[in-house]
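All chains are identified by letter, namely A, B, C and D, in their written order; residue positions are counted from 1 within each chain.
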C-alpha cells in the first residue's frame, strides 16, 4: 500500500516539492518544469545528462542527480513517462552549451516522449543524443527490444562521470552506450504494489509463488514460479543473467542486488551471499558490488540481479566519485 | 513478509556473510564474533565506537561502520539484542588502545547484554563508556526511560566523527551524550512486519487506522489513530516531537524522515514537504535534512520524524565526511 | 462558425466526463498486463485539454486541446492521443462537413502511426480508431451528415475495441506479457471508444 | 555423583524439547506487546545449553549450560535466563539435596534480579520463578526429597505464571505498551514454567 499522500492527483508535484526542500544543498527545481537539476544549474561547457521516467522508482531517477552524476532528471507521474514538453523543458534546463544526452530505460512511452522533447530541442539548435537502457533480459530475446530496469544506474553513473570530467558529447554518448551493451538484469517479484489512492495492488502473487521477469512499473512477470529458498533464487538469477552474458566482455563486472521496495536489506544480503559465490565460481571478477535500492517499484516486494561488465575505461567511470541525494561515494 | 532466507535459524549468519562479501572494500568480519568492523581493523590510538543491537534494522547498525562513522557493529539475531559475549568480543575487536564507546538504542535486553560485555572488557583493563540513545518521545515521559530509535543515527554520526578525528574517550562520550540530549523522534506505523520463516505479522493495523508511537521491533504502537492525509500526519509528527523539544537547544536542527521499510521514498518526500514548512514556521533552522531509511523494522510500513538540535560544536561533527556502506557524504 | 466551436468544446467536456466515469475501470484493464495508469493518464490529459485556450475555430480549439493533452498526460497514451487530437484539430478547417471530419480523423491517425509505428491488430487504440475512421469515411462518401456518419461509424469502433480482447499485444508496456492479456480488452482501445461514444452523444444533441 | 550429572543433562534436554514444542506459542505471546522473538531466543539458548561441555558434576554441567545460553541466546531473556542457570549451577555443589537445590534457585534468582532489577508483580519470568523457589524452600524445609519438593512447588510456579496475565508490565520491551498486554500471559513467565515442568518430569522419572 501507498499510505502517505494528499490528493493523489498532486502526488508528483507534492513529491518534487518535498524532495527539493529536503535536498536543496544538492538539487534545485528546473524552473517551470517537472524536473530537478544540480544545485546552481547546468555547468557551462559540460554535456548535460538528463535522466528520467515516471516516478515511483526512487532513487531512480531524481535521486541520482548531483556532482559526477546526472545533471538533471525529468519526473513523470507515478509509473508514467513524462510528457514530451517536460522532456524538452528539462533538456533545456540541463544544457550547458555542449549538448545534451537523454538517458532512460526503454519503454515505449518514454521513447515517444523523450523523442518529442529531442525534436523540440534540436529545432532550437541543441544537439541531443539518446542513450536508451535495455538491460532486462526477461523482456525480449532481442537486446534492442528490451526494457530498461535497474541497469539504468550503471549507464547513468558512466554518463555522469564522463560529462562531469568534461568529455565531448560524442564521447559521453559512446561510453553510455558501451555500458548498456555490457549490462544485464533479471528480476523477480513476491508481491505487487499499489498506486497512491488505490486500495488494490496492480497485481497479486499467489502465496508460495513468485513472478519471474516482472517490470518495475507493477507489470506482472513473464512467468510464475514456485517460491524457493534464497540460495535457489540466487541460482535462478545468476543463471538467467549469465545465460545472456555479453560474449565480448572482460571478466571484471560490477554486481547489484536491487530491492524493489518492500524486500529489505537483510534479505538481500542473505541472497547476495549466494550470488557472490555463484558469480565467482562462474569466473566473474566481482568489482564493488552494491546491495540496496536503486530502481524501486513503489513498495513491491522483489529484487533483481544486475551484472555490468567493465574494462579499464568503464571502470574509471564507475570509480569516479559522485555526490547525489541517493548515492554518494568517495571514489 | 520476509521472503528471502534459507534456514531461518541461520538468517543472521547468512546475512553477515553476504554483507561482508558485498562491502569488503569498507568492512570486515570481526574474527570469531557476530559483528563487523572497519576494513583493516581498529586504528591504533583512536577511540573505538561499537554500535549494535538486533538485526532487521539495516542500515542500523552494521551499515553505519566506516571512515568517520562507527568503528564496528555487533549484530544480534532479528530484533534480538546480541549476547553479552558478542558485545565483549566485538568491543575487543574495535579497541585501538584509547578506550571503547558502546552506543545503542535503549532496550532492556541491549542494556543488560552490553553491560555484561562492558564488565568483561573492563576486567581486561579496557576503558568502556556507554552512550545510550533515548530519543523516542512515545516511550515514556521520562527522558532517561525512553527507547532509542532512528535518533541513533545522529548519535553514532557524532561519536564516529569525534573518534575518527582523534578526540579522547571522555570527549567522544560527552559529545555523544550531548547529541542524545537534543534528539527527539516520534514514529507511526501503517502495517506490521513478519519475521523470517513466519507467515503472520507481529501485529496488524486495521484498515483505515495507524499505530502511533510504535517501536522498531514490531512492537505495536502506544495508541491507535485514524489514518490521515500526509499533511495531517506531518502535523501530528511535528507536534509530538516539538511538544518535547529540549528547552536549552539552539534553533538549528538536523531533521530526518525515516522509513520503516515498506513506506517508500516518494511518499516520504510528500510528507517531508509539509514537515519542512511546519518546522520552519515553528522557528527551526533546518540543517541538511535527510529522507530515507536509517532504522528500519524489516518491511514494516510506517515512518518517523527525528529532530536533532545542534550548536556549532555538534554541527561540525554532523558535517564531518563519512564513508560507510549505507551512508556516505562529502562533508 | 461559432456553433461548431461550441460543439467542439462540448465534445471535449463530454470526453473528460466519460473518462472520469471509467477511470478506475481503465486503470484496472491496464494493470492486467501493464502498469495501471491508463485511466489516470487519460483523465490528466483531458483535464488539461478542457482547460486549454478555447478561442478560435473548432479546429483550433481541438488542436489546442491536443497540445495541452500531449504536454500534460504523459505515458505512451499521452503522446499518442495528444498527437492524434492535435493533428486532427489542425486538419479540421471551417466550414466543417463529414468529409472534413473524415480527413481530420485520417490525419490524426497518421500522426499516431508515425509516432508509435503501430498498425491494426496489435492490441492498441488503433484497433478502435482505424475501423472507426474507415466506417466514417464510407458514411461521409454516402452523403451522411457529420452527426449521422458518426452514429453509423460507432459500431465499427465498438467492434474494433472488443476485438482487442482476443489479440496479443505487440506495442507498448504490455507487449512483454503477451499471453497474460489474452481475454482482456486493451485499455487504450477501450478509452478511445468511450471518447468516441461521448462525442457521438454531443453531436446527437447539438447537430442538425 | 555421576547419576546427578546425568539427571542434570537430561533436564537440559527436556527443557530444550519443551521450548521447541512451544516455540511458536511463545513467539506469539511476545508479539502481543513485544517483538515476537521470545520463542526463537529461548530455543537458541537451550540449543547452545545442551551442546555445552557435559563433563563434571551436575552443578558444573548446569553452569556450563548457563554460560552457553547467555553467550548465544541474546535478548533480555538470553542474559537473564543465562545468568540464572549459570549462577544456580555454580551454587549447586555435590552432594545434592533439596536444601542445596533451593539454595541454587535462590542464587539464580539473585543474579537475575541483580541484572534486571526486577521484582515480583512486574509481569516477568520472576513471577514464575520467585513463588516456585519459595514453595520449593518450604517443601525442602519440611524434609521432602529433591523430586517431591519440585512436584510440590510446581503449582506455585503455574499460579505465578497465570497471574501475569492480569499484570501491567514494568520491565523489558513490552513495558512501553502497558495496557496492550493486559489479559495476555508474560512470555518469559510462560517459558520458565514450561522449563520447570519439563525438569519436574525428568526428576519424576530418574529420582528416587
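One rule holds in what follows: a contact is a pair of C-beta atoms (placed from the backbone, for glycine too) under 8 Å apart; a residue touches a chain by one contact, two chains touch by 3 or more.
As the structure is a computational prediction, the values presented were derived from the model and not from experiment.
**Student:** What is the graph distance from chain B to chain C, where chains are linked when they touch?
**Tutor:** Steps on the shortest route: 2.
**Student:** If you average the CA coordinates per chain, which chain's centre is most distant from that of chain B?
**Tutor:** Result for the farthest chain: C.
**Student:** Between chain C and chain D, what's the gap in Å when you average each chain's C-alpha atoms?
**Tutor:** 74
**Student:** Report the inter-centroid distance (CA atoms only) between chain A and chain B in whole Å.
**Tutor:** The mean C-alpha positions of chain A and chain B differ by 28 Å.
**Student:** Measuring from the mean C-alpha position of chain B to the mean C-alpha position of chain D, what distance in angstrom results?
**Tutor:** Between these chains, centre-to-centre, one finds 32 Å.
**Student:** Residues touching two or more other chains, restricted to chain C: which are they?
**Tutor:** Touching at least two other chains: none.
**Student:** Residues of chain B that contact two or more other chains, please.
**Tutor:** If we look for residues of chain B contacting two or more partner chains, we find 78.
**Student:** Drawing the touching chains as a network, do you get a line, a ring, a star, a complete graph or other?
**Tutor:** Drawn as a graph, the chains make an open path, so a line.
**Student:** For this structure, give each pair of chains that are touching.
**Tutor:** Once each pair is checked, the touching ones are A-B, A-C, B-D.
**Student:** Quick check: in the complex, which residue numbers of chain C touch chain A?
**Tutor:** Chain C reaches chain A through residues 27-28, 31, 33-37, 40-41, 44, 70-80, 82, 115-116, 171-177, 180.
**Student:** What does chain A use to touch chain C in their complex?
**Tutor:** Residue positions touching the partner: 9, 54, 76-86, 107-109, 112-113, 116, 138-140, 147, 195, 198, 200, 202-203, 213, 215, 217-220, 222.
**Student:** Can you name the residues of chain A that touch chain B in the complex?
**Tutor:** 1-6, 11, 14-19, 21-23, 25, 55-56, 58-59, 63, 67, 78, 190-191, 196, 210, 227, 229-231, 233, 257, 261-274, 276, 288-292, 296, 298-299, 301, 303, 321, 323, 326, 328-330
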